[in-house]
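Two complexes are shown next, each including chain A; its partner changes from chain B in the first to chain C in the second.
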Partner chain A sequence: MRTNKIIVAAAILALGLLAVPLYFTSTFILHMFTLVFFYIALTAAWNIPAFGGKFSLGHAAFFGLGAYAASILYVKYGISPLIGIFAGTVCAMLGGVILSFPLIRLKGPFFTLASIAFAEVLRMVAIDWRSMTNGSVGLNIPFKPGWLNLTFTSGMPFYYIALGLAVLVILLAWWIRSSALGYHLRAAAADEDAAKALGINTAKSHFFALMWSSGLTGMIAVFYVFYNYVLEPGTAFSMDLFSLQPAMNGIIGGMGTVWGPVIGAIIMTPLGEFLRFYLGTIQQGLNFVVYGLMLIAVVNFVPGGIVSLMAPWFKKKKSGESSARDN
Partner chain B sequence: MLNIQQVDAYYGDFQALRDVNLEVTEGKIVALLGPNAAGKTTLLSAISGMIPYREGNISFQGQHINAMLPEDIVSLGIALVPEGRRLFGTLTVLENLEMGAYSKHARKNLRKNLDKMFELFPILKERSSQQAGSLSGGEQQMCAIARGLMTEPRLLMIDEMSLGLSPVLVKHMFNMVSEIANTGVTILLVEQQVNHALKVADEAYIMEKGHVVLSGPSAQIANDDYVKKVYLGK
Partner chain C sequence: MDDLLVVRNLTKNFGGLAAVSEVSFEVRRGEILGLIGPNGAGKTTLFNLISGLLASNQGSIKLEGEDLTKMPPYRRSAMGVGRTFQVVRPFDMTVLENVMVPIFAHYKSAKEAKGKAYEILEMVRLENMADSMPSSLTLAQRKRIEVARALATKPKLLLLDEVLAGLNPSEVAENLPLIRQVRDSGVTILFIEHLMDAMMAISERVLVMDQGALIACGTPDEVTSDQCVITAYLGEEAPEC
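What follows is the complex of A and B.
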């Protein structure tokens, strides 16, 4: 019965989300929803290595690689972003491969620091490689509406694209977490040495997790760029937007869980916009102070993230489910 | 079965193992005894490929395993039950056991081996959907041993099994070890409970300050004057 209830609730939620653009015609609200979906997707992708306890602050690297790959193909060579999606995914994944060889055996803060450096180096490359990237001026996506160009006259298509991306990445993350890979990652996160002593190839597991994560991040980036029309190194490889923000959403929602990133992104994205608008105009940077305080509060008082506060509720549901199945 | 010759191991500049020689015969229970910091755990780590070591030779069933990765050593049939159980606390008991079945052959026999473990340790079946971190110390140790057995080892190495367990449980666990040995698994037991260990073991090695100071059949070791005086308090 509980399972039925969940299906009904999910159906209502799905219909509601599908209907949002029909009821809210305000571009701001539509933009807000779209942004939340993008961040759910980005955070859920960031979170995959976190199943194995790897805390990355360099996901801007994969974001930038995906974004630049598709944009350069489109702007310089006129190749449709629909192909660019694949190019972006593959480029970001290659970035993941390159990064993983020196990094995969690093633990804890060492992995995190090295990942920051990787993204920063790529940002420098994007600034200096002018013939390809136009340097700091950046690339402008020409406004030629059409599906082939992933350019639209209203915000509605991107609302649905971002919603689709969020659902896709959540499902993938859920599938990965409950697959053998997910269990190996969770074992590695709980006790890396014990996992190795059982013969689990933890390096391999971390590698595959990073492949999924980097590839998905690159793919999301392609859509994000075409949503925003403009791309420059400071944004594409932005530590704030694409390294720290997903990590923070993840921590606040609940790192290494499926729903943590969703909750984190839903809370933090509108809050971030709101704070930037109200506090940022009073004193620049004040919004970051609030952000920082929130982060400290969560890490101190709810280290498992908001999702851990909801865990008892989830557990009850789960046991109800299994008993229903037993009957 | 397991042959260790002149093994030296270092942590940085500190030499943890000096010229260690050890032989484990198939089908036997071998006890590795000694005080803290004697190098017992280091030796187990060296066997299971967890630490690099500089000199010497370790072979398992005639095969050199010196430079092998931990996962390859496990799939050859050596399992380590680490000191302090080291369970995956956030996973359930069942999930912990499943983690032991990583290699292809172990994965194939997963169901069968799980049934065996639940037969050997019935309490684990009761607790199978519980988080491993919520188990009592004795149950955790059983879970850790069962998890090790899920890799289908021919040699099971157990590090400080009795650490932190009540005397009654310690006795029970040593009985379990004999039972496991009866199923055809060779056992290398690192222990500080010298008394119990010498009772169940066929052979024993005493390590001190990184090398083996005494070895032989456990009955002989138990009657050794030095062992009596230092380890058995007689």
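What follows is the complex of A and C.
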């Protein structure tokens, strides 16, 4: 009975989301939705290592790697971004391989610090490697509409692309969390020593989590850049936009859960945009003050994130499932 | 008799402190071997060395002739070394899921893992708690989750670190037979316990550690009448051990 209700609700939601571009012709609203979807995808990807308790503040590194790989291929060599999607994914994963050394060796905040440093170093490289990246001027994606160029005359295709990405990454995150890897990560997050003693190669689990996370982030970045047309080191490797924002979304929504990133991104993306544009004009960095206060509030009053406030609803669903198994 | 585990000259220093020093002993296949000693004697450290969570400074550990000394913990687990922890810290997931975690090493599908985990929960009589969160269980039950999780790795040798500590007498009476039952299912047991009565009741042989060294080994009766052991427990300087 209950599962039927959920399916019906999901179907209505899906139809509603699919119909949004048909009813809201305002580019602003469409843009907001698209941005929320992008951030749901980015946050859900960021959240995969967090299943294992690993807290990254360096995901801008993977974003930048994916974005630059596809853009350089397109702008400098005329290679279609459809191929760039794979190149971006692979480049970001290579970045993940590098970050996996501190990931496996360093505990808690030390890994987080290493991840920040990693993204910052790559930002410097992007600024200095002028022959490839045009330095701090950045690269412009030429406006040549067509699917092969991932360039469109309206915002509608990207609305659906971003929606698709969000759904894809949520499904992948859900699948990972309920697979062996997910259980191993959750065990390592709770007690790394106990997990090891129970036969889990925790280093391998953390590594695979980072591979998924970095690859997906790089892939999302390719679409994001072609949505925005411009790319420069300060944006592509932006600590604010692509390291802090997904992490904030994750914490506020509920780190290490499947739905936390979704809730976090829905609440924080419009808020983040608002704060950056309106408070940012008053005083740069004022948005961080608000973030800081929100973080303190959430960590103190709802440490499990907003999703934990909805736990009773999820629990009901769970007991429904288990009684189904008993039958 | 057939030795399952052979430990030779095992040593672990923490700075200037020799937490385990030159310890040598064997665990015979199928036995229940007790390990006792005053607080800080190095018992848990010895378990950490055998399970691989700590690297030894010196010495060797062999299971069925295979050298474990340099293996990472997950490989030792695969070889058949299982353990529980003195401080129980169940994973933040249901009781059933806690037991599923190690089973995933053998069965990749969640469905199979669930079935196997359920069987193990029945063995430790937690099947009614399968869908509960560990935080809602009593200490005695949480200690049984530890045992269930360790059993789920299909150990040949099970290291139990104070699975009875902190339990009231009726809980001890409830959990104690479990140890023997596990042994009877074919698992060799090395267990640390402070509760002397319980220890004497179920172990065939007992090792005694004090200040990192192994000071005695024998049947419960032999060990309790050993002069070195008595002085170690009374806290006096041992004359000649």
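For the reader, a short list of remarks on this structure follows.
Definition applied: the second predicted complex is superposed on the first by the 309 of 327 C-alpha atoms of A that agree within 3 Å, B and C clash if a C-alpha of one lies under 4 Å from a C-alpha of the other, contacts with A are read in each partner's own complex, and residues count from 1 in each chain.
In this text, contacts are C-beta pairs under 8 Å (C-beta built on N, C-alpha and C of every residue); 3 or more make two chains touch, one makes a residue touch a chain.
As the structure is a prediction and not an experimental result, all values here were calculated from the model.
Superposition of the two complexes onto chain A shows a clash between chain B and chain C. Using the contact criterion defined above for the overlaid structures, shared-chain residue A:Ala166 touches neither chain B nor chain C, since it reaches no partner. In the superposed pair of complexes, A:Ala187 makes contact with chain B and with chain C alike.
By the touch criterion stated above, A:Lys196 is placed in contact with chain B and with chain C alike. With both complexes superposed, C is the one of chain B and chain C in contact with more chain A residues. With both structures placed on the common chain, the touch criterion links A:Ser179 to chain C but leaves chain B unconnected. Judged by the document's definition of touching, chain A residues 183-184, 186-187, 189-191, 193-201 lie at the interface with chain B and also at the interface with chain C. Residues of chain A touching chain C in their complex: 178-180, 183-184, 186-187, 189-191, 193-202, 318-319, 322. Of all the residues in chain B, the ones that touch chain A in their complex are 48, 50, 69-71, 73-75, 79-80, 82, 86-91, 95, 98-100, 102-103, 147-148, 150-151.
Within the complex, the chain C residues that touch chain A are 51-53, 72-74, 77-78, 82-83, 85, 89-93, 97, 100-102, 104-105, 108, 110, 113, 130-131, 149-150, 152-153.
By the touch rule above, chain A contacts chain B in their complex via residues 183-184, 186-187, 189-191, 193-201.
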